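Listed next: structures, encoded as structure tokens.
Next come two complexes built around subunit A: one with subunit B, the other with subunit C.
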Partner chain A sequence: MTSSNIITEDDRYRTSTQFRLWSFTRDSLNAVRTTTNRLAADRVREAVRRAHEALSSADASDADLENPSRGVSAMPEREIDCLTVEEELRLVTFYCRQTLQLGDHLLFPTQVKTTAVQYIKRFYITNSLMTYDPATILRTALYFATKTENHYCKLTKFAEAIDKTRPEDVLASEFLLTQGLRFTFDVRHPFRALEGAVMEMNGIASGVIPYNTDVGERPQNMGRRVKTAHGKAREYLKTSALLTDVYFHYTPSQIMMATLLIADQELTHWYIASKIFLDDLAGHKILATLAECACMLQAIEPTVQAPPEERKAAGALSKKLKKCRNPEKIDLVALQRVKREGDGKVDEKIIKKRKLEREQSAKEGEDLFGPSLKNS
Partner chain B sequence: MSPKSIALVDNPMDDMCPICKSTRYLNKGIKFLINPECYHRMCSTCVDRIFTAGPASCPVPLCGKTLRKRGFKPAFFADLGIEREVDIRKRVGQVFNRRQEEFETLLDYNDYLQDTEDLIFDLVNGMAKEKLQAEEKLKAYRAMNLQEIEDNKRAGLEEADYERRKETAEKEAARQRRLKLIREQEEGKMDVEKSRRDMLERLANTDEDPTAITRQAQKVILKKSSARRNLTDSSSDPNGGLPLDSSLSIRGLKKKVAPIAEEAYDPFGGINLTPTRYVLNDEYENEWLNGIKTDTRILAGGYSLPEYYARTMFEAFSGLGVFINDEVGPKAKPEVRIKKEVEIDDDVF
Partner chain C sequence: MAVSPLVLPGAAEKGGPTAKSKLQSAAASSNGTPNAAQSSTEVNDVAEQMNEDEKAKYVKGKKLGEGTYANVYLGHISSSPSSLVAIKKIKVQQQYTEGMAPDAIRELKFLQELSHPNIISLISVFSSKDQNINLVLEFLPMGDLEMLIKDTSGVRYGMADIKAWMGMLSRAVWFCHENFVLHRDIKPNNLLIAADGEVKLADFGLARSFSDPYRLMTSTVITIWYRPPELLFGARQYSGAVDVWSVGLVFAELVIRVPYLQGINEVDQIAKLCMGVGTPTEENWPGVSKLPDYTVPAPPSPVMGIDHYLSMFGTVGQEGVDLLMKMLIMDPRRRITARQVLEHGWWSSDPRATKNEDLPKKGGGESKVAEDLGRRPGMVDDERAGKVARKLDFGGMR
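Take a look at the complex of A and B:
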């Protein structure tokens, strides 16, 4: 083997879908979210208008006819107050917390919970809360994460454990979710990375693993400090890292190092310096990136429970969301059934297509082998 | 049988010497000889008469070849044409005696055999000119490859010798086995006989329960026979009595080159995955793993701790130097794609 075709750890990370499809700069992420929000708001207005038209026509023919669509009656005639991008983001964070709590309630391992949260975050980049109900997507994401993280959970049991949930509710949006995830189910978490770093630091602390002495002696009390830092870093990874956008802006290794930096700056700095030459441009850049990431992580307290004021705000936002839901996408189960079974009233397009096909075949029948058997 | 060979057998001329015209009717012990120089048949009396004094020309009209008495031999085949061809083949075969092992490919060997066959055909059926050419070729080849011909000849002889010795050894071993078997059977019979005699004696001389004695005797017989069987089983050698003598190995064969060991398949096609930021150790401390290190329930399923170590260490440093802001930003490709996805109406519902 030559050294020329060395594939570094970074190159290998660049092959992952997390890097290729789910890494954004702050601006690009914001742009995508804005676009999503704008389109969704437009669609909500359009849908409400359609529903009103249908309602008024129905009223004209039969005044006693019940509303064809739920929620339409609650809609104001004009000027629907849609969520802004920031509001959506705050609500997504709130529902991510809900997912974590639900996962705790169901005693799911950390992997499943964290993956589910990332699924939700990824899904709501290109889909709006106003279009798809986060409470539904949340359950589907959690159930779907049990599959991708290889933690088997029976669907009926899963549905039973959650209030007011039928198995169909969970499954209805499953394909929708996978589509929103662009069929990439691999989420690279920083948890295993943390284990690796901690294991190595433990080895250095106990003197089993030699270290680069150029950066000075190992810190005092290293074993104890590593242990403390490990616990604290895990706390951050389990909460702040999931609720902020760090997964989109940084690599798992960077996130892990950033949490360690928060936990024990001196120790982590020494550890990174013993691994990578930090005095050049690239080294400075790494440190700067880690500091940025750490700053972003510290924006949210590492607790699963939301602080009271945030909860209050989320409650208000939820109410607002109820008013600006897309009425056509509320009952996903029914929509799926229609999609699957055809519902009798076939789409106009399809009718037209079939008619065309029939004509075509009739023509061909005359041309080649005489009239087809059906006609004769 | 072809009609021709029938005619040969029944030909009355076969019983008459073409030189002295004496027949089997007159001379019961008549023997016909030929000389590979010209393959003219004559009786042994004529050979003695003409060639005892020294080389003389063949008495057959228009032949005129000079023959010696030493060259005469009885014909093996009735058809002298065949006799001649066999002789030629023998002669050519002694010179063109290459073996298949000497050739790199089977195709080369087959080409060689074809050349040899062509030469033989020229010698057997060719016109005088072709015959002469073939003869010269044969001679030239012999002169050129004298050493190799000798080597091959010796190798051929050794091979034949080895085959012969192997065969005799096998025969001997088979004979030994047979003898042994017979001996054992006889011993077994004698044993049974002796036990029976003992039993009868005891029955006659003691007051013990006769059924008990009989049963005991039966047991003894069975035990002895089974013991003998075990003994023979263990003594018979696994080679079936064939001696593996290293001196029997064939020498002079082309040296067998050991096949070049194929390189282990590299699933990564030569990509070097050696870590650049850390050195992977065989062992790491982790209190969570302490239980696993000795738990057969986990390890029996193939769980590999080194695999886990490699993965954790890899993930700890994989992507540390990837700056998403720089690397994803300028391209901004995903963004465009996503926008499209949002805009076109391809959602499932």
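Take a look at the complex of A and C:
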């Protein structure tokens, strides 16, 4: 028995759930998000209509007959202006930044913060902000990440450290979160790949590791440049890489290389060329992929704090969200109690109707997670 | 702690998440809780729907057994009643007030990622109506290695069988380590056996990843009989070497058919280790005395030499004993790695490992035993096994 079957980084990645379940082409990702957004918007409108009906029938049966329209007129306007896919995405980015800041405040390690942000991004592929409040989900995701990343934090302490948060608020959506994550909790980050590349470049710079001289001399001041590039790449990995969609479209090594390219194009290009032959079709394809990834990364500021314009836009969107939230999904703690304890009284007609709706959405949901094509 | 920086855009929600709008109250039923018809049957979220689809693929049958954090049921694929699965339903732990329990989280996290013939495979996961999480696992009906080891009167086996089982265990552990996962609870009863004889490493409730070598980890993992000295001494940074030690003790136990180092508590475990392997000292393990809980009984006993191992474990041959000794090297930095285990000469030396279909099974029955005896030399089956075994003539290996 020998272990000649060496597992490469790439083999490892290809068996991961991140690749199998959480990698998409841009089109397929957009299709899922569009469906999620549309279903949620339909349900918001319906829930509001139901609430209106409940209110008016309650008013009718009340002795409040002199003023039958009073209850209804106090309600928000019936035509509801729902968030678009684009708007949901921008708000998710904003709440992901909040998650990073909260993680900083609680002194959580990078691993916990970065995993929590990916949980949020994954969750909101099949769930809408209009259904589940991002401010709640982010607390749950951050707490859940402390558990999956082995950074134990007492729940009561966690809740105490955050404004207006009770332990039950954090736990009420834990199940929803795990379901939205399709019960996959492992997230592959590009940090380890970066450390590997930096170590190798340092080795080349100091002459410990020989390099392929066909690609020309080492870049000038290589040691110093590697150090600077390392720092800058890490900044991108801790911000833009988490906030954009790159985890859904590229492998950890591609993301890592793209951040290095942003940090020091010449150095990184030389490094890549010393490892892979680039002057053919395959080589061009690799460079094109990295360039695309870098371009996506640069679409979002590499800062934890949102820049002022982004902040302002998020404020407006957040106001809009408040007016189009599904009223049936606001009190998650109470909903959770009902789910856990069950409730015998179920209206048959509603079940039937829901079943139809379900079958409808099943059809729409079916292809969402079919074997997705990778564009890398 | 200072007030958190969780600034929500727009006006902060007054009164926190419990404040209700009129509309929201209207959406709830009269007693203030949402009406069940609107909640428990509301499954038209994309995420919920995907779960329903998954759940519908399996049928749950009778209960097979119960563990600390789960009940295990027999099940089958709905469209194919002969395709059996095990459905592990995670108990909602009432006394655990911090949500989903860590062992369940770990098991799910790692089994989702690891796919290898010698690691139990997770086929699917779904939740049932009361939010219980169900793991659909491959069905492993032939018990576990502990049953085989303990059934000294019903099950006989020899070096070639041990080699087969150890090979499968070693490949599983190598694969975990290759994927930066430490199992941290390797012992015979976590090694389940498939219908075709394949050994499967199970129970990842204590596993963790070790991608960050600088993070501190708890030292109170691994059932004490299989716990390596670095953990008994409270080391907070450790590596795959912890699993290799456990593998070594499973190896030893397969030969003598009782656990080799059976301490009754941690202190006693250290004493047993000093007697059975040797006392860890600065000479054989530089730095050991700096570990937080380092204490050893005086006087130190010498590190056991090859003669001791040959007399006790000689039934697995010179090469086998060499491998065992390397797995039980006290200094974790010098202990053999899982990869080196697979490169060891024992595997290619005679006798070759038994084929899966010929491996002894639990409750083999008399005729099977007799057949085994006729075909290849068996192991003696009582507690004195170790002492007697070396006298047996292992025809096959000479």
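Operating definition for what follows: the second predicted complex is superposed on the first by the 318 of 376 C-alpha atoms of A that agree within 3 Å, B and C clash if a C-alpha of one lies under 4 Å from a C-alpha of the other, contacts with A are read in each partner's own complex, and residues count from 1 in each chain.
By our rule, a residue touches a chain if its C-beta (ideal position, glycine included) is under 8 Å from a C-beta of that chain, and two chains touch if they have at least 3 such contacts.
From a predicted model like this one, the values you see are computed outputs, not experimental measurements.
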- Which of the two partners, first being subunit B and second being subunit C, lies in contact with A:55: first, second, both, or neither? second
- Who wins on subunit A residues touched, subunit B or subunit C? C
- Task: Have a look at where A:301 lands relative to subunit B and subunit C in the superposition and call it first, second, both or neither.
- Result: neither
- Task: Considering only the touch criterion stated at the top, classify A:162 as touching first (subunit B), second (subunit C), both, or neither.
- Result: second
- Task: Name the contact category of A:203: first (subunit B only), second (subunit C only), both, or neither.
- Result: first
- Task: Using the touch definition from the top, say if A:286 reaches subunit B (first), subunit C (second), both or neither.
- Result: first
- Query: A:35 contacts which: subunit B (first), subunit C (second), both, neither?
  - Reply: both
- Item | Partner chain(s) touched by A:319 [first = subunit B, second = subunit C, both, neither] | second
- Task: Identify the partner contact of A:310: answer first if only subunit B is touched, second if only subunit C is, both if each is, neither if none is.
- Result: neither
- Check the residue A:175 against both partner chains and state whether it touches subunit B (first), subunit C (second), both, or neither. both
- Message: So subunit A touches subunit B in one structure and subunit C in the other; where do those two contact lists coincide?
- Response: 1-3, 7, 12, 32, 35-36, 39, 126, 175-176, 179, 182, 192, 332, 335, 339
- Provide the residue numbers of subunit A that touch subunit B in the complex, in ascending order. 1-3, 5-10, 12-14, 19-21, 23-28, 31-32, 35-36, 39, 125-126, 175-176, 179, 182, 188, 190, 192-200, 202-203, 206, 208-209, 248-254, 256-257, 275-276, 282, 285-286, 289, 329, 332, 335-336, 339
- Note on the structure: subunit A partner, complex, touching residues on subunit C are 1-10, 13, 16-18, 20-24, 26-28, 32-34, 36-53, 92, 97-100, 102, 105, 108-110, 112-113, 115, 125, 127, 129-131, 133, 167, 171, 174-175, 178-179, 208-209, 211-212, 215, 217, 339, 342-343, 347-348
- Message: Looking at the complex, which residues from subunit B come into contact with subunit A?
- Response: 270-278, 281, 283-286, 309, 311-325, 327-329, 332, 334-335, 338-339, 341-343, 347-349
- Task: Note which residues of subunit A are touching subunit C in the complex, please.
- Result: 1-3, 7, 12, 15-17, 32, 35-36, 39, 43, 47-48, 50-52, 54-55, 58, 74-76, 94, 98, 101-102, 104-106, 109, 111, 126-127, 131, 133, 135-136, 143-144, 147-148, 150, 154-155, 160-165, 167, 169-171, 174-176, 178-180, 182-186, 192, 311, 314-319, 322, 327-328, 330-335, 337-340, 342-347, 350-351, 354, 357-358, 360-362, 364-366, 368-369
